[in-house]
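Below you'll find a set of structures to go through.
Here come two complexes built around chain A, the first alongside chain B, the second alongside chain C.
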Partner chain A sequence: MNQKIRNFLTSNEMIVVYIIAGLAILIGSVNHAFNSISTVVNLARTMLVTLIFAMCEMLVIVSGGIDVSFPAIASLAMIATGNIMLKNGLDNVPLAFLMGAVIGGVLGTLNAVLIAVVKMPPLIATLGVSSMTSGATLAIFGAKILTVLPAKLDELYKVSLFTYTNPEGITYSLTVLFLIPIGICLLMWFLLKYTMFGRGIYATGGDIRAARIAGFNVTAIQFFVYIMSGILSGIAGITYMILMRAADPSVLMGSEMMVIAAVVMGGTRITGGHGTVLGTILGVTLISLIKNNLIMLGVPTHFQTFVIGLIMIVGTSITSLKAKHIANSAKI
Partner chain B sequence: MQKITNYFKKADRIALALLIGSVLIFVLMGVTHPKFFGKSNLQSMLIQCPEYGILAFGMMIAMIAGGIDLSLVGIANLSGIVAAVLMLRMGGTNLSIGIGIVAAVLVGSLCGLFNGFIIGFLDIPAMLVTLCGLQLYSGLALIITKGPAITGLPETFSNIANGKLLGVPIGAIVFVLIAILLCYLLYYTVFGKSLYLMGTNKIASRFSGINNLRITMLTYCLSGIFGSLAGILMASHYNSAKSDYGTSYTLLTLLIVVLGGVNPNGGRGKVMGVVMSIILLQLVSSAFNILRVNAFVKTFAWGLILILVTTATYLTAQKEARD
Partner chain C sequence: MAETFLELKDIHKSFGGVQALKGVDLTIRCGEIHCLAGENGSGKSTLIKVISGAHEPTKGEIYIEGERILHLNPIIAIEHGIQVIYQDFAIFPNLTVAENIAMNRAVSTGAKLMNWKGARELALEAMEQIGAKMDPDVLVENLSVANRQMVAICRTIINDAKLLILDEPTAALTSKEVQKLYAILRRLRDKGIAVMIVNHKLDEVFEIAERLTILRNGEKISTGMIDEYDRNRFVKELTGRNISESFYEPKASEEEIFRAENIGRKGAFEEVSFSLKRGDVFGITGLLDSGRGQIGDALFGINPIQSGKIFLHGKQIEINSTEDAVRHKIAYVPEDRLTQGLFLDRSIQDNTIAASISKYFIRGKLDEQAMYQATVEWIKRIGCVAPSPEASVRTLSGGNAQKIVIAKWLNTDPALLILNGPTVGVDIGAKYDIHQILRRLAGEGIGVIVISDDLPELIQNCNHILVMKNGRVSEIVEPSEVNETELATMMSSQ
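Let's turn to the complex of A and B:
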């Protein structure tokens, strides 16, 4: 029992919780403006899209691959859906999400074919698809930012879960869109923990040959993972468009670093086979907290890139040292 | 006669295919657009390609070692900025330019050593370490510049990339020298042999007495030095230094290296193949410019070529395995 508690207290998730708590206390004591509900609301808003991306990236990394094409896929889904809906006078929320998911699914299938059938290294395949997708997005739809969205999509933005008005009279409202990442997280948690297919994803990431010999259909698992990642990226793109009330083809590009950092911070091993939904959520929380509130500590914005890089390298070193320690420790 | 056919059989088939492709584009473009053969076009090609060509060499040795180096562009920008700051602080004399260049190379090798140490000692995948490295080094560059570009560099410095020796841009000469040096290092030294062996099989190389950590650190150090040389050329070409120059080069260098026949899983790759693929891609790029194709179509084409080439290599490898 004692051992169990100790294991729990030193698990990757708990380490991230300690860091988050420490950081929150530090920021809160330096700057009292941090201690308010508005911080939570802002944090939730920042996390919203990153969380969807992190879920698809976590799924891919657990299966032993990596996906750097999701910002490009999300941008294409966002711009293409916005343009097509405006041109054809379509105005329907489920249709928008469906279109995003289909676009994402098609590109995800391309990734899956390249990786599972052609056996390309995942990084190179997804980099290639990313380049193709972002090139095509800009060549077809141009670099113009869409600022007028179909009316019903715009209305969805104004629906909120709860609103909070602070003493100064500024209202903070948490949008209903936050239910999307929550739903996806629950779905992922169930899939990875309680289905044979989900266990197969872990097995594939741990050792692809062993998984095949154990009777998992490895190709099907890889196809599922990359197509799912594409679909989720498409949905994330549409969510982002509604959240920002605009469709900008280049705003998401370059966010892959941040998302991979968040996933790895949450204890997902980049070599595959390890990773949890809870850890990923905590990792995203930590990175968003840093991103949002570094300025409250008096750190200038041009330090941000460096600090995030530093946290990433320290975080990965800690998880790797821990894995090395476990591998070297005596086996019973 | 037997000897000659054997020679052609042994000669890199990939390099040969790339050479044929280059000649085809050259002839086709030359016939339809005479401007392609013009002196200004040829010279601008020779100024552009050393920048990412040297970066591609860095990527190549990292990939032969079984890793990857995504931090090259970060290293290039950081060292370019360090050189620029030193030059401006010391008044822009010729001596300060020399010190700036030495400092840049030093920064590049330190960054590379850091990458190599973490990859080799902590056993973290190279991809992750160098992604973090990219963030770290561009972050440092951003801290130094605070955002805007550093301008007003001495004129002598800008002559490095834009000047010519006997009509050939100096950058191109540097590029050729580095290619020859790399050939020597990879094919005729113990380091080169160990590098290929380590890339093929890490465990086997350790058991045959090779110090994997040392080879890894040397490899990434060399790759960092290449990064800093490209950074100097870039800063000199634009006559300024900024933290986000050349961000598209990461994909481009990956494309060059994979196209040039370097195995992404490590252990295989030749300098000639990479040189040929640099030439081919520069020709394609110039052809796009002359045909006035949208720049975004170029990004699309890079991705498409990367995917098509790897698919083709896979299919031929499978066919060979069946025969």
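Let's turn to the complex of A and C:
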């Protein structure tokens, strides 16, 4: 039992918790403005879309692959949906999400075919799809930013889960959109932990040949993973559009590295087979905290990027060192 | 006479034009431990794949529990209780013990949801049955090879195995772990499960097997109770040639080739001294953590010595890196030849000249002709069975690949050749060839150091054996003075 407690206290999740707690205490003691509900609301807002991306990336990495096409897919989903709805006078929230999901699903299927059928390395396949997608987005819809969205989408933005007004009279409200990543996380948690299909994803990431021998349909698992990633990316694109009240074809591009870093920091091993929903949430929390609040420590903006990189390296090396330690340590 | 579980009659299997199996008969009875022995390329693996339904035979009949099975496939085989444990166990390092054990059954019953509690109970029950004790919640990546094997065995048990086939189950186990495995296999046998072990290690076959079938070149040579065989018959039928077990007794010489004086490396070994005369094949043995392997690594400069002196042909030399070692003409055949000794995807020629390439670099270009000649010459001299110098090393069997590693170093005209586990995973026939090569080299004046835990190998081929214990020299003995048991006692006694 003692050993179990020790394992728990040194688990990847707990290490991230320590870093988050340490950072929060540090920022909070230097700058008292940090100790406020507004910090939580802002953090939730920053995490919102990153969390959806992180969930699909975690799913893919656990299965033994990698996906760098989600920012491009999300961008196309939001621009295409926005443009099509405006041009055709459509104004319906579920329809917007459905369109985003379908666009994402189609591109996810393309990824899946390249990886599971053509047997391309996942990095190259998704890199190619990413480049094609973002090229197509700009070619078809142009680089123009849509700033006026259909009314009902815009209204959704104003629906809040709760609002908080601080003593200075500034109101912070947590958007109802936050339910989307929460729902996705719960779904993903159940899928990965309690369904045989989810365990099959871990099995495939652990040893693809053994998974095949055990009777898993590995091809189906890979298809599911990449299509799911595509669908979630599409939904993330729509969410981002509503959250920002604009559709910008290039704003999400380049976010993949940050997302992968958050996922890996949360204990997901880049080599596949390991990763949890909770760890990923913590990884995203840590990255968002750094992005949002490091400035409160008086860290200059350029230096912030440096610190993000530093924390990423430190955080991920803990995971790698632990994996190495397990590989080298005496076996029981 | 026990009831017959599996009967194969006149099984043929060909791949393209190659006949892998040429009319093999095999009978396996319930509750027996049957050993299938054969060298690489004898058709063992093909036969296992026929039994497990992975390969359909070109001709022949398969009966399981008396019933003729026309088209055996993996699913039918599993339904009839045929379970194979391959060398890599096909388990998931990233999942827990319980999940690994329960996974296959859950998949085959078509369960949609993961039942963690059920998996745990199932795992405990299976471990109870074979007398293994492991924490069901621990990740398999934390387990030793022996315990991973236990997990694989547990998994087959809960799948209601009636015939358990293990492909070279002892390859990566220590002798203690082998004993534990055998205890478990005997326990399974007593429950009426048929166990078939694929093995070609002579001593282990005699220890565990009740019946034996020997394959060679895709044909069944013989089958029978183990007491019908003696070592000579076994080796002769396995290899198809007469391999005499002769001892190596070189002419005594006073010319010293190599001497180590009180060499040591922190955490590995200390105060090791020995000397090697012309003609000597010098053996170093000890348990896995005794420091025996580290001496080889140190002398070749991988993890150099930190104290003591070494002399080559009477001259003191410093070895601080592998470059130093190569410059002083020291050659090293590492333990893990696949990752450390060979470029698997390159040709035999590339591998043979890899350590001596500068020799062929003349006036800014490589002398292709000379490299080819040298390779052909070595293939012949060391008796390597290879289609051509251009074939990639990956296509060679373990024994032939090992010969190429040795050829690579011989091509550098070494003064001292150190071999770490030179015949691990090598067939008896090829093993014999390698031993003959070593003796010949020693006779030619090359210092030969063999680091090994294969005691019969050392006793037969070395004329001095250094026994390491806890990083120190326990004793240096002459093989004529000791037998295997005594040597084993020296290694492990406190």
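Just so we're on the same page, the second predicted complex is superposed on the first by the 332 of 332 C-alpha atoms of A that agree within 3 Å, B and C clash if a C-alpha of one lies under 4 Å from a C-alpha of the other, contacts with A are read in each partner's own complex, and residues count from 1 in each chain.
In this section, a contact is a pair of C-beta atoms (placed from the backbone, for glycine too) under 8 Å apart; a residue touches a chain by one contact, two chains touch by 3 or more.
It should be emphasised that the depicted structure is a prediction, and the values quoted were computed from it without experimental measurement.
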Next on the checklist: Per the contact definition in the header, classify A:Ile66: touching chain B only (first), chain C only (second), both, or neither.
Outcome noted: first
Next on the checklist: So in the superposed three-chain picture, is A:Ile213 touching just chain B, just chain C, both, or none of them (first/second/both/neither)?
Outcome noted: second
Next on the checklist: So in the superposed three-chain picture, is A:Ile270 touching just chain B, just chain C, both, or none of them (first/second/both/neither)?
Outcome noted: first
Checklist outcome for this item: Across chain A, the partner (chain B or chain C) reaching more residues is B
Checklist entry - Of the two partner chains, chain B (first) and chain C (second), which one does A:Met312 touch, if any: first, second, both, or neither? => result first
Checklist entry - With the two structures laid over each other on chain A, which partner does A:Met132 touch: chain B (first), chain C (second), both, or neither? => result first
Checklist entry - Which of the two partners, first being chain B and second being chain C, lies in contact with A:Phe303: first, second, both, or neither? => result first
Checklist outcome for this item: Footprint intersection on chain A (chain B / chain C) at none
Item to check | Residues on chain B engaged by chain A in the complex (per definition of touch) | outcome: 68, 118, 122-125, 127-129, 131-140, 142-143, 146-147, 251, 254-255, 258, 264-265, 294, 296-304, 306-307, 310-311, 314
Checklist entry - Any idea which chain A residues touch chain B in the complex? => result 66, 114, 118-121, 123-125, 127-139, 257, 260-261, 264, 270-271, 300, 302-310, 312-313, 316-317, 320-321, 324
Next on the checklist: Per the contact definition, I'd like the list of chain C residues that touch chain A in the complex.
Outcome noted: 88-95, 99, 103-104, 106-108, 111-114, 116, 134, 138, 141-145, 147
Next on the checklist: If we count contacts the way the header does, which residues on chain A are in touch with chain C in the complex?
Outcome noted: 193-200, 202-203, 205-207, 209-211, 213-216, 272-274, 326-327, 329, 331-332
